[in-house]
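Next up: some structures, all given as C-alpha cells.
Shared between the two complexes below is chain A, which has chain B as its partner in the first and chain C in the second.
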Partner chain A sequence: MKGSRCLHQLKSLRLLSHAGRRLPPPAAAAAAGDNGALFRLHSSSLLGGSQCPQREVLRHFHSSPARTKSQPARFVQEEDKTRDKSLVAHDDLFEQVAKETKTKATFNKVIDVYTKRDIRRRGHVEFIYAALKKMPEFGVEKDLTVYNKLLDVFPKEVFVPQNFIQRMFNHYPRQQECGVQLLEQMESYGIMPNTETKVLLVQIFGEKTHPMRKYQRIMYWFPKFMHANPFPIPKQLPEDPVDLARFSLTRMANDWDAKVTVYQLPCTDITDSGAEVTLPHIVGIQSPSQMEALAKHNPCRPVFVEGPFPLWMRKTCVYYYVLRADPAPPEEKLDLDLDRDLGDDESFDVEDLDDGPVFAMCMTSQGDQATLNQWISGLQQSNPILGQIPTLFRLGAGPRELQGVGDTDSASGTWFSSHAHKEEADPGEDGEAVVEEEPRRSQGVKQ
Partner chain B sequence: MLLIHHTSFYFSVTFLLPMHNPVTISKKACFVLQAEVFPYPEIGNDEVEEIKQLVAPVEKFFSDDVDSAKIDREATIPLETLQGLKDLGLFGIMIPEEYGGLGLSHTIYARLNEIIALDGSIAVTLAAHQAIGLKGILIAGNEAQKKKYLPKLASGEHIAAFCLTEPGSGSDAASIQTRATLSEDGKHYLINGSKIWISNGGMADIMTVFARTEVEVDGVKKDKISAFIVERAFGGIASGKPEDKLGIRGSNTCELSFDNVPVPVENVIGEIGGGFKIAMNILNSGRFSMGSSCAGMIKKLIELTSEYAATRKQFNKSLSEFGMIQEKFAMMALNAFVMESMAYLTAGMMDRPGVPDCSLEAAMVKVFSSEGGWICVSEALQVLGGLGYTKNYPFERFVRDCRILPIFEGTNEILRMYITLTGMQYAGKILTGKIKEMKKGNIGLAIGMVSKKLRTSLGASVDLGLTGKDGVVHPSLEDSAKKLEQNVSLFGSTVESLLYRYGKTIVDEQLVLKRVADVLIHMYAMTAVLSRASRSISIGLRNHDHEVLLANTFCNDAFFKNNYWMVQLQKHSPENNDANIKKIAKQVLENRAYICSHPLERTY
Partner chain C sequence: MSLPRITHLPSGRLLSTILHHQPLLPSIIPLTVPKRAVIQGEYRRPGQPKKTKFAWQKINFNFSKGLEGIKKHFTLLKKEFTDRWVGPEGKPIVEHMLEQNRVVWEFRGPESLREWTVSSDREIGGHSEAYLKLGRNNNTCFLYGTLSSTPPRDGETRYSGYCTMRSKQPLASFDRKKHHDWSSFNTLQLRVRGDGRPWMINVSAETYFSHQKDDIYCYFLYTRGGPYWQDVKIPFSKFFLTHRGRVQDDQHPVWLDKVVQRKIPSQSDDKTDVSLP
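== the complex of A and B ==
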C-alpha cells in the first residue's frame, strides 16, 4: 500500500515538474532513485506550502480517463484558477447563508442546500474541505453529529473498491484523503467517532481503506489516552468566579485536609456618597500542615505575599497569590551530617530544591495590596503568629481582574486571538511587568 | 501499527480448555469458566446512560431521606421511606415494563443494589419482595397470573413474600410439612401449616407459598411440593410477632400460620407438583446481587474509615501511616474489587439471551462476598477501635447487618456443597466414561493418560491459551493468568484422584467438599478479576493500573491458598488433620461439653 502510494506521489511529482516547472528534471530523477521517505521529504520541502497544485495533479492522475485525455496538458496555473473558483463558490455558500448568524443550524442548512442542489454531488470534496475550514467559525468544530452529517455528503458505494487491483492501489485517493482529513480534524479537536461514523465510512469507502484505518487507529488510541491525565479538569468549568477559585485552589493544593475559606464574597455596594464600590472576592486555602509550618516560622524573618501567578484551566487563565517565606538560612537548619565522605552525593537535584515554604494561597479578582491585606488579616484569625511577622507585599503588575472566565470552550478560537490582541494593545500595563520584575514590585510593609 | 480490535478478545475459555486438555477432569474447571468470561461483559452506551439517570436519584434518596440509625433503633422502616422507594420504582426493578415495572437487566439490578445495600433493612425488604417474593410469578407464572399480580407488585401497592422455611425444615427444603389439599368441588386448594422467618411476613399481601400436594404419578399417589400464589385477602392467614433480630432490624420477619386458606386452582404456579424446582430456581437466581451489594457497602466503609484514618493521630503519626492499618484498607479494596468483578461478570452472563443457568456462579459469588463482607466490616470497625464499637458510628450496625449474609438465601455450608457436587457430577460423568473405555481395553487412552501424567510431573508447563500471542489476558496480567492455569490443571488432577479415591461416597466427605468448593470459588474469582482488569487496560479506563495491581495481588494470594488447599486434598485424612478434627468434634459432641479438665485443677 505504502509502495503504491509512493509510486503514485512520484508520478504526480513528475507530472508537476513537467507542468509547473518547479522541479528540474534531474532532481526528480534523483528523487526517484531515493527511498520513499527521503522522497517524501524532498517533495514536501520543495513544494513547501503549495499543496494545492499537487492535489490538482493527483486528480489528473486518478480521475476519469476521459477527462485526462481531453485535457492532457493543462497547466497548474490555469487549474488553480478554475479550482479556486469552485472553492470560492463553496465558501460563498457558507458566507451567504450565514451572513447574520453563524450557528449549527445554519451550518446544517448549508450542508442540506448543497446535498439537495445537485444529485451528482459535483465537487463534494472541495465542499467538504471548505466546510471543514469553516467549522470553527460556526462553532461546530466539536460536534460529532455535524461531522457525521458532513461525512454523509460523500456519495455511497461509489468509492468502494470492487476487485483486488483496486484494493491494492489507492482507489479514489482524493476522496480517501478527504475522508482522512475529516477524521484528522475530529482527532485534533478530540472528538471520538461513533458507530454511525463507522457505518458511513464502510458505506462510502469500504473496509480496509485509509479512512477506515484512520478510524480504527482513533478508536484504538483515543480510549487509551482518555484517562491518561490523573488530574482531570472537567469540560465545563464553574462559571461563578468563587466556585472557580475554590476548584482551582483545591486542585493546586492537592491535599484532602486543606481547607478553603471564602474571606469575602463579591458584591456591589453603594456608599453614602453615592459612589458604587465593587468588592472583589477573596478565596483562600490552607492545609493543617501549612498552618503548622507557619506557626513554627521564625517571627524575625518576614513572609511575602507574592503574585499574581497564572494558572491555566483548559482555556481559562486564573491568577493566584501565595504567602511564602524565603528558605531557612543554612545556620538555622539542623545539619548533623558534618563529615564529608567519599560516598557523598554532591550532584544538584532539581526535585530537592529548597524553595522556601508556601503557607497559604489565595485567589481574588483584584490583586491590589488592600485586598490582599484583607486576606492576610483573615488568615491571621486562624494563624495568630501572622500578627508578629512582618508581611511584605511583592506584587507584580498582573492583570487586575480575572480573565476569560466568561469564555466557554466554543469560543476558544476567537478567545486566543482576542487575548493576544489585548495584550498587544495595552503594553503600558503588561509590557513593563514582562521587561523587569524587580523594580515594578510595589513594596510595602504591613505594620 | 499495532491494531488490536476489541473483538479479537472474543475467545471462549470453554473452547480453549477442552482443546488443550482433551479428556481430563479440568473440564470440570471449564464448567466454572462456562459461558464466555472473556471478554468481560459490557453494556451498551444507552444502558450506561440509563444507569446514570437511575442511580443519581436513588443515591440522593439514600443519602438524604433514609435514616438508617432510626430504622435500626425503631426496628421498622417509616412509611414515608417506603413510599419514597415505591416512587423511585425500586419495588419493580426487574418486572417487565408491560407489567408496570422498570424492566431492567440483571446488570442494572446489581448496580442499584450497590446503593440499596447501604441500608441492610431496606435491602432485605426489597430483596424479599422482588428477588424471591415475586420471582415465582415472574419466571414460572402464566400470563393471567402475571397480568393480575405483577402491576400492583411493581408499584409497591402490594408487597410480596416468599414462604418456604418451616420449623422443621430449613436448608432441607424438600422436607416441608405444610399441606395443600384439593377441596371437594375441585376449585380450591386448602393450605394448612406454618412457616417461619418469613421476610416481609407481617406486611406482605401476596405470598409465594410452597406446600405438599398429593400427585398421582403412574397410578401411584405421591407427595410432591407445589407453589401457590396466596393473597392475604383469602383469609385464614395469621402472622406472628415480628422477630427481634441481631441485624437488619428494620426488616419485618415473622411467623405465618395458614389455617384452611382457600387458594383457587388457577393460583398454582407452574404445574402442580413442580414446586421444588421453582423454589430452587428462584433461590438460585436471586443470589448473584449479593456481590455488588457487599461491594457497595465496602466502598462506603472505605470512604468512612479512610477519613478517620487520615485525621486520627497516634504516636505523632496519622493512622494511615501504620502498616497494619494500611493492610486493612488494602484488604477492603481487594475484596470490593473481587466481589464487583464476580458480581458483574455473573450478571452479564445472566443477561445473555436465552435462560442461561448461572446458579453455580451465583452461589460462588454469594459465598465469597458474604464471607468477604463480614471480614471487611469487622476490620473497618477495628480501624476506629473503641469508637467503632459505639452506636455513635454506623460500623456496629454494619457488622450486625452483615452477619445475616452467610445465613440467608441458602447458608454458605449448603452452597459450598451445591458448588462442589454440581461440578463433581459433571466430572464424574466424564470419568465414568473414561473408565468404561479403559475397561473395554482402550490401551491408547490409558497410555495417553500415563504419558500426560509423566509429562506434567516432569514439569511441562501448563498452557490453556489465556496468555501469549492470541491470549485473552493482557500481558501485564500474564503472571497471574499463568497462576490460574496452573491451578486449573492441578485442580483437574486433584479432583480426578479424589473421585478415584472416594467414588460416590465423596458426597459424605464434607471437609473434602469444602476445600474443593473454596478452590473453585477462588478460581472463579481469579478468572473474573483477570477478565475485568484485561478489559480495563485494553479500553483505558481510569486508574486501570490500580486494577492491575489489585488483580495481580489477589491472584497471587489466591494461588497460594489454592495450592495449600489442593495439597491438603491430595493427602489422606490423618495427614491433613481431617481425621483429628472429626475426632475432636465427635468427643465434644458425645459429651455435649468442653471436656478438658480445668488447668488449675490438681490431682494430688
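== the complex of A and C ==
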C-alpha cells in the first residue's frame, strides 16, 4: 500500500516537474498566486507524456539525475571566456542585461535567460544568491511574485530526500541554505509567503527540510506580530508634505478632538528683485483642551517653542516643533486626592515626570524663526492670550544640519532668542532677548 | 565560514544552531570546517586578538579600591543580615504580600545611570553610537545617538545597526549574583517617549545550564512619537523566547522568579532619540 502510494506520489511529482520545466517562462510567471499549482496540474494533463525531448533526464527510482552528470559544473559562461578564468560571480549577468534601466521586467528577464540556458541549472545556488543581493537595486525586494519566480529556479524534485538517512543528514545542504536565505530575505522585508511558495518548497525540498521549516515558522509568527503595533503606519505614506504633516500630527496628538490647521501651503514666490523665495508649509495642530490650558496659563511665565524633534515613520523622518511651558513649581500644583486604594504605591509620584504642558505642535519643512513666528501669529488667531505671553525660542540644530555632516560646532550650536508679539500695547511685559544656557543635546551627538 | 559539524539534533532546533553568525557568502570557498565545542564558550570575533591572560593576571590589586570595596561589601552584608528581620526582601511581609506594583527602575539622579549599560553596534565593528544621559529635571533618562545599518565588514555579519540599554545584574555583597523575584507580578509597565520607532523589550532570566545563557524573552515596544509620555503595559505572558536573536520553537512562559536583566534594543537605519523615564 505504502509502496504504491509512493509510486503515485513520485509520478505526480514527476508530472508536476515536467510541466514546470516545459512551460514557457512568461506563462509560468503569469501563474503566480494561488492558481499556480492548479495551473501547472492542468497543463500537465494537457501536455503529459506527449513531449519528451531527448535532453529531459528521466527520473530513476532510488537515484537522482545528479548522478548522471558526467562532468563537474563549471562557472565559466560562454560570454566570459575572454575574461580571466577565476570564479565569475553571476552578478555580471544582471549587469549585462540591465545596463540602462533596472526594473522588475528586466529582473524577470534575467531569470528567464538563466533558466532557459541550461536544463541542469548549473550554478543555480550562486545565481540565486546574486539575485537576492541585486534585488534592492532593481526595486523588487518587496515583491512576492519575484521571490516565487526566483524560487522556481531551483530544479524540482532533485533535492527531496528519499529516505530517513537523507532526511537526517541535511540532504543537499548548500541548496537548503540557499532556500533558507531566500526565505530569510523575504522575512526581513516583511513579506508574507503564499501557497505558491509552499507548493514550490514542497516540490523542491520536500517536507521536513529546513526551508520548509522556515516557511512554517514564518507562517506561524508573522500573523501573530502583524497587528501588534497599536499605532500602525500605512505601508504607503502620503507623498504630499502637507498630507504627511497632517497624518503625523494626528498620530502624535493624543486627542481625537485635535484640529489640524494649515497655516501656509508651500509655494514659490518671486520677490521684486527677481529672486525666488520658497515658502515652506506650516501645519499646526491644537486640541480644545490645549486651548483651554493655554487660556488659563499665567502670562508672567513664558512659553517656549522647542524643536525640531524627529518623528520616524518606517523610513521617513519628519521634524516637529512644540509650544510648551515649563512645569508648574510645586507650590502651585494641586494635590487631587482621588480615591486611593490600600495597595496603591504612593511613593512613586507620576506627576513628577511632567515636562510641562504642551499647548500646540506644528510641522514645517524650514524650521527657522521666521517660519515659526508665522505659526505663532497663526495660533494667536485662536488663542489671543499669546499676545501677552512672552514666547521664547529654544531651537536645536535644524534638520538641514542634521542631514549634512555635522562638526562639533554645529552640534553644540543652539541659539535662543525671544519674540515679542507687538499686537498688545504692553511693552513692559514682553521679554527682551534672553539667552539661555541650557543646551538641548550634549556634545556627544554626531549628526 | 561553512556549516559546522552537524550533530543529530531534532530537526526543529537544528536550524537555529546552523544559522547563528553564519551567513554563507557564495563566492568564498571554505577552507576549513570550524569545530564548535558543545559547550558554547565566549565567541571570539574574527580579527580580535586571542586573549591569553591567565586568570590571576586579570585581578587588579589596588589599595584604595580595596578599602572602598571592603566598606561597600560589608555595608551590603550588614544590610542583608538586618533585612531578614524586617521581612522578605527587606520589606514587611504585609507589604510584600499585598503590593500591586513595584518600581524597579527609576531615574532620580546620576547614580541611577550607573545601573544601566549602553551598548551598540560598535562592539561588533559597526558604526552606531549610543549615549545615555539624564533628561530634563533629572527625572528621566535620555538615550540618544546615531544608528547606521551598514554591516561591519567581517564577512559574517549581515544585518547591523542596533543600540541597547541594559540593566546590570543586581549584585549582593561580595559581588554575588542576585536576581529579581517578580513572581507576584504579571505585567511590565514602562513610561516612555519615543520617536516613533519600534523598540524591543528583552528580559532574561538566570538559567542553570550554560546552553541557555543567551535565552532572552522579547516583546515589541512601539512608540508613537510626539511630546507626550506613553504608558506601555506588557503582560509577561506576551514575551516570546529567543536564543541569540532567533525565535525558538519551544516556547514557555518567562521564569519570573529569576529575572536578571532588562534590555531595550532598537534597530533601525538612522539617528535615534528615545527618552525613557
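One rule holds for everything that comes next: the second predicted complex is superposed on the first by the 287 of 447 C-alpha atoms of A that agree within 3 Å, B and C clash if a C-alpha of one lies under 4 Å from a C-alpha of the other, contacts with A are read in each partner's own complex, and residues count from 1 in each chain.
Just so it is clear, contacts are C-beta pairs under 8 Å (C-beta built on N, C-alpha and C of every residue); 3 or more make two chains touch, one makes a residue touch a chain.
The model shown is predicted, which means the values in this text are computed figures rather than measured ones.
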Chain A residues touched by each partner, larger count belonging to chain B or chain C: C
Which of chain B and chain C A:Leu279 touches, first, second, both or neither: neither
Touched partner set for A:Val160, first chain B, second chain C, both or neither: neither
First (chain B), second (chain C), both or neither touched by A:Phe225: both
Touched partner set for A:Trp256, first chain B, second chain C, both or neither: first
Which of chain B and chain C A:Ala130 touches, first, second, both or neither: second
Touched partner set for A:Ile385, first chain B, second chain C, both or neither: neither
Chain B versus chain C as contact partner of A:Arg217, first or second or both or neither: both
Contacts of A:Asp355 with chain B and chain C, given as first, second, both or neither: second
Interface residues of chain A shared between complexes with chain B and chain C: 213, 217, 225, 228
Contacting residues of chain C [partner chain A, same complex]: 3, 6, 8, 11-12, 14-15, 18-19, 23-27, 98-103, 106, 129, 131, 133, 136-137, 139-140, 144-146, 159, 191, 195-198, 220, 222, 224-229, 247, 249, 268-273, 277
Chain B partner contacts - residues on chain A that touch it in the complex: 213, 216-217, 220, 223-228, 256-257
Residue ranges of chain B in contact with chain A within the complex: 1-5, 310-311, 539-544
Chain C contact footprint on chain A (complex, rising order): 87, 89, 125-126, 129-130, 167-170, 173-174, 177, 180-181, 188, 208, 210, 213-214, 217, 221, 225, 228-231, 248, 251-254, 309-313, 315, 317, 320, 322, 324, 327, 341-345, 347-348, 350, 352-353, 355, 358, 361, 402, 441-442, 444-447
